[in-house]
Amino acid sequence: MGNDSDESAAPMSNLPSLRLHIPVPPTRPGDAPSFDHLSFSEAGAVRRPDSAAAEAEMRDLPYELIRVLDGEGRAIGPWDPKLSPDMLRRGLRAMLFTRLFDDRMFRLHRQGKTSFYMKSLGEEAIAVAQSLALGEKDMSFPTYRMLGWLMARDYPLINLVNEIFSNADDPLKGKQLPILYSARAYGFYSLSGNVGSRFGHAVGWAMASAYKNDDGIAIGYIGEGTTAEGDFHEALTFASVYRAPVILCVSNNQYAISSFSGIAGAETTTFAAKALAYGLPGLRVDGNDFLAVWAATLWAAERARTNHGATLIELFTYRAAGHSTSDDPTKYRPADEAEHWPLGDPVERLKQHLIHIGEWDEARHEAQVAELTEAVRAAVKQGEAVGTLGQSKPSVREMFEGVFKEPDWRLIEQRRELGV
Amino acid sequence: MAQMTMIQALNSALDVMLEKDSNILIFGEDVGYFGGVFRVTDGLQKKHGLTRCFDAPISEGGIIATAIGMGAYGLRPVPEIQFADYILPAYDQLVSEAARLRYRSNGEFSAPITVRSPYGGGIFGGQTHSQSPEAVFAHITGLKTVIPSNPYDAKGLLIASIECDDPVIFLEPKRLYNGPFDGRHDRQLRTWAGHPAGEVPEGYYDVPLGKAATVRAGGEVTVIAYGTMVHVALSAIEESGVDAELIDLRSIVPLDIDAIVASVEKTGRCVIVHEASRFGGFGGELSALVQERCFYRLKAPIERVAGWDTPYPHAFEWDYFVGPGRVAAALARVMEA
Amino acid sequence: MAQMTMIQALNSALDVMLEKDSNILIFGEDVGYFGGVFRVTDGLQKKHGLTRCFDAPISEGGIIATAIGMGAYGLRPVPEIQFADYILPAYDQLVSEAARLRYRSNGEFSAPITVRSPYGGGIFGGQTHSQSPEAVFAHITGLKTVIPSNPYDAKGLLIASIECDDPVIFLEPKRLYNGPFDGRHDRQLRTWAGHPAGEVPEGYYDVPLGKAATVRAGGEVTVIAYGTMVHVALSAIEESGVDAELIDLRSIVPLDIDAIVASVEKTGRCVIVHEASRFGGFGGELSALVQERCFYRLKAPIERVAGWDTPYPHAFEWDYFVGPGRVAAALARVMEA
Amino acid sequence: MGNDSDESAAPMSNLPSLRLHIPVPPTRPGDAPSFDHLSFSEAGAVRRPDSAAAEAEMRDLPYELIRVLDGEGRAIGPWDPKLSPDMLRRGLRAMLFTRLFDDRMFRLHRQGKTSFYMKSLGEEAIAVAQSLALGEKDMSFPTYRMLGWLMARDYPLINLVNEIFSNADDPLKGKQLPILYSARAYGFYSLSGNVGSRFGHAVGWAMASAYKNDDGIAIGYIGEGTTAEGDFHEALTFASVYRAPVILCVSNNQYAISSFSGIAGAETTTFAAKALAYGLPGLRVDGNDFLAVWAATLWAAERARTNHGATLIELFTYRAAGHSTSDDPTKYRPADEAEHWPLGDPVERLKQHLIHIGEWDEARHEAQVAELTEAVRAAVKQGEAVGTLGQSKPSVREMFEGVFKEPDWRLIEQRRELGV
């Protein structure tokens, strides 16, 4: 029984005993914020292979950081997508819109007008750039921090407000939690509270498009914390095996509620490097750089559309707000950490770039903010007129609709029992 | 009409549907070139093409997630899970996603997928090739669960499931694949040849979901069963001489409550039979429903005959498997009561 | 004795057990430094050390697989799943592994783990923060499922669960974390202060698994409930004036069948209440058991009051949540019958 | 709604339409076997970094193949573990034993004496080398093809036979399918029919050992086909995050029942490269080379024992037999493919090495085979005397034992109902 040969690798007596390693973030409340453990490529420094290149030729990319905007607001290097000023302004507008809307909704939650809210503060470049960079027939499989996708496509604000209030005009008829939108016509797949479980749907959708020789591709999102779910691996496996025309994005905002990204594996490697497990290109991108996000997305889309398969993109960003209305981040990280995030704020950076190229100025910016603030205010007012949570709701009959395409006897009896 | 085993009938259903609708496709572990470990997809890849019926990675969660995404796009995937014991890694996808997609998106997206999977015991498959997990699906709002008991129904129900706009768990009693097993393992085994339900039309037809079949009319007691247990119950009834009415549910969601109530109203007695372990099994729901709706007609306690509350043990196949002896004993008890 | 909320009582149980046995450790999403999104593990990492209570990746399957491996080694892990809605990615690990390990290895290995998870509705949590999945665990041979209804029981049952050599699913009714909610959301909310079950010993004690509590003695009808529904049922009984006996099951596996039967034998009527959706829910099993064992004493059909067979809809919280009105209506029906 | 800018990456009209890629193996029945699509490092060619080296220094290794034995039976290069002739003979014996036992049991299945069997033909080096290389306190979390682990530790043959017959003396009391053994005292964790679901248990066990400052490490196995399960990813994530002292092995025998490894992702990269996703070392090893398997295992064990964490090892081998007694591989691959596998047979190769170094000869080999054949025969005879499947079984009471530590009323009542 057992093996006691001294050639075996059984423990040698002079070894220290085993220890369990628990990752601990560099700083906690009370400490001075520090990002010294991170190092970033310079803007413009990372090469841009051909989008049809073999994966074996790109195994360095997951360890770099693709950046276009430098500290002065200049766009430099091979990844500069060379967007028109109009498109840059469109992006800035959608990002600002997202931020102003978030801010307003967060305050409405405090007033008890809804049950729940989540912001994408500091991460707005991601969804906005990708929404604009992709086409009408492409489908996104978002997380709850991708409001910018809808904002960039001019989704009616009032729909958002009504959904958040779960009122009589809620487009989802009160069935879903606030912010868990669904907007098929805008390329926005149905959200759910479960994290990660739609990542593979993006792959299935993309495979279906390829199966039908259609031309739409899919883009899926997952938070860096959620990459630990089996869903992540399964989605990437299927994407790789069937060369699905899909862009799979890890939105790495460095936090999963209170847990720093070390709990998801960031102590040992990058999230982009997970692409290597599947023989897929892994791009690591400055997620607060509108131009870099755009360029990487375009590259991956080109690859997908030409039947070269999937790409994994890590969008490196920082969650500047709390996780949700239920969270207080000062309980687990330095209160002023957000201000020290070295890659800055995506709105400020795009604004600086536009000013730098002479296509924007403070006055226009202020006017823009005022216009959008007013639009948010008006939508909220309109939604409040219908009613906020608990004051107005869709017909209770709705509760029994849509469980199946047609209700069965159980639903009919129960609806009757409730008298609706 | 042709003579078919249940495997052939299922194969025929898939063949007919692949022909009929280019939105239908099949994938799963070993279903492609090889045709599936139980041969249900035999020949389909060759006939319909590589992208219509293909192998999938060993990843039940991934298979179902992919199928849901395809369904949302507009296809009607028919994934196979090799054994129902191995469907559990996909349980979250089935419950949190497939079952809820239509509701939570207020109808913008849905998952019209049909998940085929062989289930059940009587094959010396041990713990992980013999289980009957229908109860953990029946409880889930938004899922339909279908269980055929013969070749004719298998084909018609599978076609109806594929055409159904809701997600369907389609459980195939693998013990019935090749013949109508009645639990009498010590007697000569029968095949589907010569069985009326082994006569199967070659073309398209459906058997609607939610309509039970009265396998045997009777006046003294109602026996409710599905899958392999239909044959076990029939054998027990025939040998016991009790004038029992045997109802084959065919789908447990939707459930044909009218058929059940009509029969128990008539007989005043009820025996429920399933393979799955008893506690918290689907028999509890059936018993509760009958009791709620037929209370004043009941002449005896409703009996449940079910698997023991243990895992499925290899050496004790015939001690565990619900056989006609246990059903007959229950019939005797309700008749004496 | 101290005054504790259910959160504090659970925290105290964990604290006592971490102190008592170095084989006990806790991990889960956000349970470490932060102390859990519901604060149940607050302060435990600081007090007991980094390796005794730590954060886990967002991977419920991974959490449970890891816990099982630890349990096989000889530890007694107490993993937390942040919401019971998110336990499903771990369903295969719980069913195919934790529940079966002892049996299949003939006792060589076992998984003495206690999986804590907040469940249930009444908090405007919508579809994925309100569900009650107990039925899909109760059906699984080899798992125990425990559901406390007050701080005193919560601590004692959690200690008993951790000490239990079998895997335990410990479902915490999150609506009761801070007070004994009776479903009357439009009235002043109460806290645990002043409630007798809010008086909790600071040290070690246990409440054995499988022993129901008679919350209220009565002669006319037996009401069976667990978790939040104990308080809803109590309120309904009190306001209806029916002389009902209220049984709080405390654990659904093991089930205190003797307490149930003794009560229904006495009253002859039975109402079962749970939050989970009705069809295929645990109420079906309870109804079947009562009917099987007390058939000849029953004066009226057994009633089930349960969640509707729909997903949990955000806007319709109080239309969906089982409130005292629905329980009272059932009481009236059984009394009239 | 949607985005129609011509700067976006929406499909361009000159693109071909999307196509769904389905992997197809290079050969099928009737074709001439071919392994031309594979390329292998030369024996001795791959460098051996220090076992404490940083993962970033080893990112080339997953794409190489560690080999020690060359075509002439010489052991060469830095990975040569320099084992004593005694240990080599011990390894050869256990491999032969495994093969002879498998062969006999397969035949007994044909005679209806058991319900099921699976062989590890052609893969015996893996479990045998690892069982011998690791220590008594180490725990393996095997797949069903790791019988060699028990053979190398002299597990009583009669226990295997009785379990396979599910007879009255079955150590698992008839509760489990044949070959799904459990042998704690031999470092062999309980098997189950579900593939993959114990991979994470190895990590948990290893974490527990580290938590207790103990000195045993764990080794987990998974088939290449099963790497697609979420369990694989979750296990590796936990192993990486907590630096668990565990060796995680992918046994790549190129088939998963009828599916070639392309269905598990082998068209795009190696299985060892999956380590890169977790910042772990990934070693790719000739699994038919007893010495290479030993050396890589020893390296990973050293790394684990010195608190440097987990290693992923891909053991590249070939499933020479059918998947199980239910399978006929000539239905989906060339009938003579096994004979063409370029890395040969592990038994033959170790035998050749022993002969090459002058420590073995054909006569001794034949005698060894005869001795082991007799031992198998004797054990089978002993087991048959107790009874084969259906002729003998443990007490039916056993069916109700071990569901819980103590049976509850349900089990007691049901046992009574059955009258046992």
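Chains here go by letter, A, B, C and D, matching the order in which they are written, and residues are numbered from 1 within each.
Throughout what follows, a contact is a pair of C-beta atoms (placed from the backbone, for glycine too) under 8 Å apart; a residue touches a chain by one contact, two chains touch by 3 or more.
This one's a predicted model, so the numbers in the text were calculated from it and none came from an experiment.
Here the chain pair with the top count of touching C-beta pairs is A-D. Taking the CA centroid of chain B as reference, the farthest chain centroid is that of A. In this assembly, the C-alpha centroid of chain B lies 32 Å from the C-alpha centroid of chain C. Each chain gets a centre from the mean of its Cα atoms; for chain B and chain D, those two points are 35 Å apart. The distance from the centre of chain C to the centre of chain D, each centre being the mean of the chain's C-alpha atoms, comes to 41 Å. Shared interface positions of chain A, defined as residues touching 2 or more other chains, are 20, 22-23, 173, 175-176, 180, 192, 194, 197, 207, 209, 211, 228-231, 234, 237, 241, 263-265, 403.
For chain B, the set of residues touching two or more other chains reads 51, 56-57, 59, 61-62, 85, 89, 92, 96, 100, 103-104, 127-128, 141-142, 253, 279, 309-311. Contact residues of chain C toward chain A in the complex are 29-30, 32-34, 37, 50-51, 54-62, 85-86, 89, 124-129, 278-279, 308-311, 313-316, 319-320.
Touching chain B in their complex are the following residues of chain D: 20, 22-24, 28, 115-116, 166-167, 170, 173-178, 180, 192-197, 223, 225-226, 228-231, 256-259, 263-265, 326, 331-332, 389, 393-394, 396, 398-400, 403, 410-411, 414, 418, 420. Residues of chain C touching chain B in their complex: 85, 88-89, 91-92, 95-96, 99-100, 103-104, 127-128, 135-136, 138-142, 253, 276-277, 279-289, 291-292, 295, 298, 300-304, 309-311. Contacts from chain A toward chain D in the complex involve residues 1-5, 7-12, 15-23, 55, 59, 81, 83-84, 87, 90, 131-138, 152-155, 185-187, 207, 209-211, 213-217, 227-234, 237, 240-243, 245, 262-265, 267-269, 273-280, 297-298, 301-302, 305-307, 309. Touching chain C in their complex are the following residues of chain D: 139, 141, 171-173, 175-176, 180, 182-184, 189-190, 192, 194, 197-209, 211-212, 218, 230-231, 234-235, 237-238, 241, 402-405, 408-409.
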